[in-house]
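Down below is the structure, laid out as structure tokens.
Every chain is named by a letter (A, B, C, D, E, F, G and H) in the order it is written, and numbering of its residues begins at 1.
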Amino acid sequence: MPETVFSRPEALRDVTTHYCPGCTHGTIHRLIAEVIDELGVRERTVGVAPVGCSVLAYNYFETDFHEASHGRAPAVATGIKRARPDLVVFSYQGDGDLASIGMAEIIHCANRGEKVTVVFVNNAIYGMTGGQMAPTTMPGQVATTCPLGRDVDHAGHPIRIAELLSTLRTPAFVARASVHTPLLAVNAKEMLRRAFSLQIEGRCFSLVEVLSTCPTNWGIPPAEATRWLEKTMLPYYPLGVFKTPESGSREPRPLDRGVR
Amino acid sequence: MPETVFSRPEALRDVTTHYCPGCTHGTIHRLIAEVIDELGVRERTVGVAPVGCSVLAYNYFETDFHEASHGRAPAVATGIKRARPDLVVFSYQGDGDLASIGMAEIIHCANRGEKVTVVFVNNAIYGMTGGQMAPTTMPGQVATTCPLGRDVDHAGHPIRIAELLSTLRTPAFVARASVHTPLLAVNAKEMLRRAFSLQIEGRCFSLVEVLSTCPTNWGIPPAEATRWLEKTMLPYYPLGVFKTPESGSREPRPLDRGVR
Amino acid sequence: MAKKLMKGSEAIGEAAVQAGCHLFFGYPITPQNEIPEYMSMRLPQVGGTFVQAESEVAASNMLYGAAGSGERVMTSSSSPGVSLMAEAISYLAGAELPVVIVNIMRAGPGLGGILPSQGDYFQATKGMAHGDFRLLVLAPWSVQEAADLVQDAFDLADYYRNPVLVLGDGLIGQMMEPVEFREGRLPIKPLEAKTWAATGNDGSKPRSVINSLFLDPEALERHNVHLKEKYDRMVRDEVRFQSYGLDRDYDVLIVAYGTVARVCSTAIDELAASGVHVGMVRPVTLFPFPYQAVREAAARASSVLVVELSTGQMIEDVRLALANSKPIHFLNRMGGMLVSPDAVVDKIRAMADGRSTEVVHA
Amino acid sequence: MAKKLMKGSEAIGEAAVQAGCHLFFGYPITPQNEIPEYMSMRLPQVGGTFVQAESEVAASNMLYGAAGSGERVMTSSSSPGVSLMAEAISYLAGAELPVVIVNIMRAGPGLGGILPSQGDYFQATKGMAHGDFRLLVLAPWSVQEAADLVQDAFDLADYYRNPVLVLGDGLIGQMMEPVEFREGRLPIKPLEAKTWAATGNDGSKPRSVINSLFLDPEALERHNVHLKEKYDRMVRDEVRFQSYGLDRDYDVLIVAYGTVARVCSTAIDELAASGVHVGMVRPVTLFPFPYQAVREAAARASSVLVVELSTGQMIEDVRLALANSKPIHFLNRMGGMLVSPDAVVDKIRAMADGRSTEVVHA
Amino acid sequence: MPQIVISPDRCKGCELCVQACPQQILGMGRRINSKGYFFAEVVEPPRCIGCRLCCIACPDVAIEMRVHGTMYHYFAY
Amino acid sequence: MPQIVISPDRCKGCELCVQACPQQILGMGRRINSKGYFFAEVVEPPRCIGCRLCCIACPDVAIEMRVHGTMYHYFAY
Amino acid sequence: MQNDVIMAGFGGQGILLIGKMLAYAGMREGKEVSWLPSYGPEMRGGTANCTVVISDRPVGSPVIRSPRAVVAMNLPSLDKFEPDVRPGGLLLYNSSLIDRRPARQDVTVIEVPANEIANSLGNPRGANMVALGAYLGATEAVSIDGVVEVVRETFAAKPGVIEVNITALRRGHEIGAAHTVGAGEA
Amino acid sequence: MQNDVIMAGFGGQGILLIGKMLAYAGMREGKEVSWLPSYGPEMRGGTANCTVVISDRPVGSPVIRSPRAVVAMNLPSLDKFEPDVRPGGLLLYNSSLIDRRPARQDVTVIEVPANEIANSLGNPRGANMVALGAYLGATEAVSIDGVVEVVRETFAAKPGVIEVNITALRRGHEIGAAHTVGAGEA
């Protein structure tokens, strides 16, 4: 009898997604679903979908779901978790959603130490609305609202969410992963597992930033998109764990001290 | 003929403020006004007042002003500066205003590198509305919405704005000062001068966080309030310059690197 | 329970707690800071949770998450803060979540002032946010009624799966009056278990998805029709109003709501003492508006006086009710200024002797 | 200039640029992404500035800052995004800042869908936010008119020192039609220098403070009275509407706005071909609403048909206009579904042969 | 013996699996599926080493793997 | 000779100047000003060293300083 | 029958507190009551006032433009509210801090040296209690015994101040009683 | 006189482009025109369609429920729009990708092997031009010469593709012209 050693996880519904060919949103979905399955928490997990290409995430996971308003998923997750601390709550958010309009909500959710898990999908663009500049768009990268490429003098440099959040004093798990190669995807899953586990143990807030491709709005085929990610995004968005509940405060010290 | 060596700066209107006795909002106002005078830019300076105890700041400075909605002063300042890059634009904001409701606006304003100056008055409380907990309220500190003292397990740890903003990649000047002793006030003025100067030179965004007292809502007399600030706030909110346009990126590196 | 002297804001908080509200999410704003402050003290005592949100935007979205989990939840704010909740309130209505929202109105527009106003009537009853939806809007005129309506609001919200707005003004929030909480209060509506709540799924029921997105326009149209039917049921079943002085003949009918109606009641009493009889219909639900009650009571009067703390908003609903059948006069103050009983008396006298002119619409 | 085939969104952007709009602050949202995209390309060409804000909240507050500096500025969004601007719009009205806001409506409530809708009528004309204020609301029915009204909007905003809202729907935003921009266009209002702008002060004029806060209630009341007078002037001077087919006798009068009115015009033409004459009044300004025009045109009809892409919002203004003088019928679609000319024809036929029943209000 | 099963209807033809396969035994076919995509196929099944990199890379869970008998994995997954 | 001038009507009686003065020559008077505050007074004017710490500490710009003749400052201000 | 009063003074004079005590005592006597503070501009250091209505029937307007009585604890309060007292009404003023006599001739004016009395009782913070006592003495709006009860409850946590406050209340009552004024008819 | 048409196909087939070219050519002939895309659900990979109206008088409804013509470039489009064609109208379908014949009997059906023709012209991306040509041939909604002009302008930046596209257009035109259908009366 052949044994099935790789197949769709239970927590991922058996439907075709609306994602474009090669879009790694699908990969990230699968990794989350695998972690939920492996931790055995599917029946008490509630997801929060963002507004972005993953707006229909509630159609893809075999768990209860809330569809949040644009950027406010961390607040919605807070409401759920405070109402029902026994649930496992995760939000799934894009970079426009989390790093632009939802900046206040993610920082305060992390800073309050809400025991929720945030999966932050950074594809350096607004996918759903057709390729506008995101806070994470790379310098020089062309987008529909920066047709000549992102000009850092006008729009600033890309925001690094993992770095930003890891400076908060409240204990948390913060990591950045990528799924553009299978081995990195395996590592991403490990990060997600740690993130969910810490929540389940009631330890802390957790966030995994996952670099993702948007072949459609980057205007390049999927395989090339993984190379672009590797070449352009990876040097600016280093992978790894930025903060663990044990690692304490990581904020910068003053360059020079004030007079005392 | 006696020479007047200390008197009200021109940029500070000759009126009595509505601030409580001993409230250091008044001191901070004066320092800003002195800097404006000394840099000779009063006639082309436009201030942005927050919603908070300093909501009436427009009555106190001898410059044009905008009254912003709660937390959005950095967006208003952006609008002004983009419309009229020749103006010197500063916002004056409290910790509820800037660090709570206005978190997204201050981060994105700083990250875009808007050439404006933000004076951030951190008094660890919501002054105007009667002493509710702020994001900057100290652990254990009693406030009207944390009557048993701030519980970090429930509300998280105080947010350090200077540290948070200094991790952004876009060049900026970020410093923290205090005015609870005269010598520190002199240093605070120096920080403000650098902040305004960098704006005037068109160099970068600048923010000076100034620790401030709220005798009324802390429920202690002014002199005691300065001691409380010194003892409780200062160890958690170190003074100094956190970022200069030259000092580059200060974001934390990963604790462990991802698999490549 | 014995009567307690309570501030309106505190009575609102206590009423919510007694109605089983377990979670409160809010952000300070005058003149209703005492509501979150009370809740921060009181909820932990009953095993509930108070969260000071980072903003009204966040508070209203926390409400969404907690309500979607099936708990009784509340937020409160004042005018500018409510405007920041607009998007989320539209989501709450679209996803049919039962929540109670309290707006202790202050004067606007913009930052305005912090004194009482009724300038948010249109926002509350008609255009709160984008999309076609309605809130059930309850307008108390006393601290006791504020407490009662807050309790009813939770039942109505659960029954209709719709946000309910309690619309007070700074006076309701700030004044103290005796309040009594009925013991053993029963829900005013038959309530069912919230099987729709998203609380995890073990396969024993269909998945719960709290949602207002319908990409298929036919599905969204069906949803809109469903919502409209719900609002129509509210219109049919939930109209509330109070009559004052309609047991005698009267020449003028006053229409006013909230604390303004109380001021009018004093004026009516004073006029009665001098032999002038005036009636009043006080809408308690602003949506649904008591069109019929106003129409019927006006039929017995020769003219109608609308009193509001705004440029004139409820007056449009009165005009819809009356359809030109009676002349309408208008008395208002704005910006935090209050209508006094004397001003109402004067206005009624002015109507009697022709010094007041009818409001005519463009 | 020669006619160009342009998408509505792009025509709106170009019209703004030609009206001297120098700054655009916005946040993407379907179905109007082409407006910010166009501006991001076009404004730098004319020395202007495009800023992609972090949110609609930020965009609307940037607008406030830039408008307070005396520049011509615009933002655009679609329904949920406009709800997020509510607080700032109240501030803009309170501080009397001239700005142009474009809302390309989509279906709601909540996230809803992205197809055309008119569900934001109440929000636009009545309850946009807290406090007593009004926006001037212009509703184009074609790409050309969208361009024209955007240009007029800047003049009206400056003249009244008030936000002007251009209310379109997804069709206006997405469709392409020929557009012509008049060269040497002159302002439609006499405009004065913006001496009130806060642009630094050298002592030659009083300090400028852009503000909506009035802690003294008497001052705030005066401000409210001042604003009300302004709105009354708009009501007196700015009503715009278009008559269609009123040059003949007609039995039914249609009232509809925006692209829905266009659909109705096709239906009217088709009916005329079969000998049935129907008239139409199309409000171009939604505030101020053309009450009188509707009333007068209805007087010649035996019944009125209101057509909307909502549960029925403008119909309240029609009812205010008619005050029960004519039976009103209602035809609507929702959720992104569109009214077709056939549906209008059928409805008119149904009204003729008694199959359609009058809308009666509670 | 690892066996790779690609679902023609789930495949969107992104070619990420093709890029991922260390044995280079995956390729795009010439047929179009119901959604209009060319879909991936295993060119030389016997050379598959069962590394599952293709499965992991596929964003659409279009690839399943079955094995007969024991096998070693490069990594715990 | 430095000369300290405290405006009774601007003073809110917060005592921050009293705390700041290294010479300890400032104190609170017993009179109430128009706003209901006891206001600060210079107790021993001749001992003033002109350091301006009181001026800097005062949140209400209630203290002015005038000098006759040259003087040195602790710090540039 | 309705009694209504506006009590006004500096923020720190304990005005809101005596208003609440009055309302509370009224409620305990079975009357209908309302207490309404000024919560004016979100500013510090201004004056504070509250309106208390005590009535036999449901309280209509909690806002009283022309109160039956005014208690003015400082000059700004007297300036502000003196004109509003209903003709025939009552005006109590704290002569310790107010150095002008009220001008109104058509109202009963009672001069209460509240701070002096409080100081003389060794209870400098008790001027508000003196004023409340005087108001009670003049109007009998509620019984002094009821208020004494309320004082005991209010200060239950600081038993040391109970008796001095009751003494202050009674001393005020004596002053007020010398000018008893009937309550108005509602 | 009014011509209106719904053109539909996969996202990548260049449907919106030929619709725009048609409208543009109409405008240049002095006609009133409108072009309306489906901008349905914010999703990827679905089908796209647009409605073009070309008329002698101002365009009324830009939304056409029962179009005078439909151009279906793939099966889902045929399935969706076949029922909507106005009786007596025109239905063009891309027989290269659609393996069923339309069922409607009350409309003129034109089979256009658009991809095959395009491939045979060495211009595999030109199937849309073939279809446009066929529509023009059948309706003469606007003159083919006008459209040729528009093609030249549209591809001005890529001169290499101009002639192949014009050829594709003309080949389509021939097919359509074999079935000429008059325009409707508005």
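Just so it is clear, contacts are C-beta pairs under 8 Å (C-beta built on N, C-alpha and C of every residue); 3 or more make two chains touch, one makes a residue touch a chain.
What you see is a predicted model; the values in this text were computed from it and never measured.
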Furthest chain, CA centroid comparison against chain C: E
Farthest chain relative to chain A (centres taken as mean CA coordinates): G
Winner on C-beta contact pairs when A-C is weighed against B-F: A-C
Inter-centroid spacing, chain H versus chain E (mean Cα positions, whole Å): 39
Gap in Å, rounded to a whole number, between the CA centres of chain F and chain E: 83
Between chain E and chain D, distance of the C-alpha-averaged centres to the nearest whole Å: 54
Sequence positions of chain F contacting 2 or more other chains: 12, 35
Residues of chain B engaged with two or more neighbouring chains: 19-21, 55, 67, 69, 100-101, 103-104, 108, 112, 128-129, 135, 155, 183, 186
Per-residue multi-chain contacts in chain G, two or more chains: 40-43, 45
Contact set on chain A toward chain D in their complex: 51, 55, 67, 69-71, 96, 100-101, 103, 126, 128-130, 132-133, 135, 144-147, 155
Chain A-facing residues of chain D, complex: 27-30, 33, 36-37, 40-41, 50, 52, 54-57, 80, 110-111
Of all residues in chain D, those that touch chain H in their complex: 3, 5, 30-31, 113-115, 170-171, 174-178, 259, 262-263, 265-267, 269, 338, 340-342
Residues of chain A touching chain C in the complex: 43-46, 48, 55-56, 58, 62-69, 72, 75-84, 87, 104-105, 108, 112
In the complex, chain D residues that touch chain C: 57, 79-80, 82-84, 86-87, 90-95, 105, 107-115, 117, 119-133, 211-225, 227-228, 231, 235-236, 239, 288, 291-292, 310-311, 313, 316, 319-320, 323-324, 333-337, 361-362
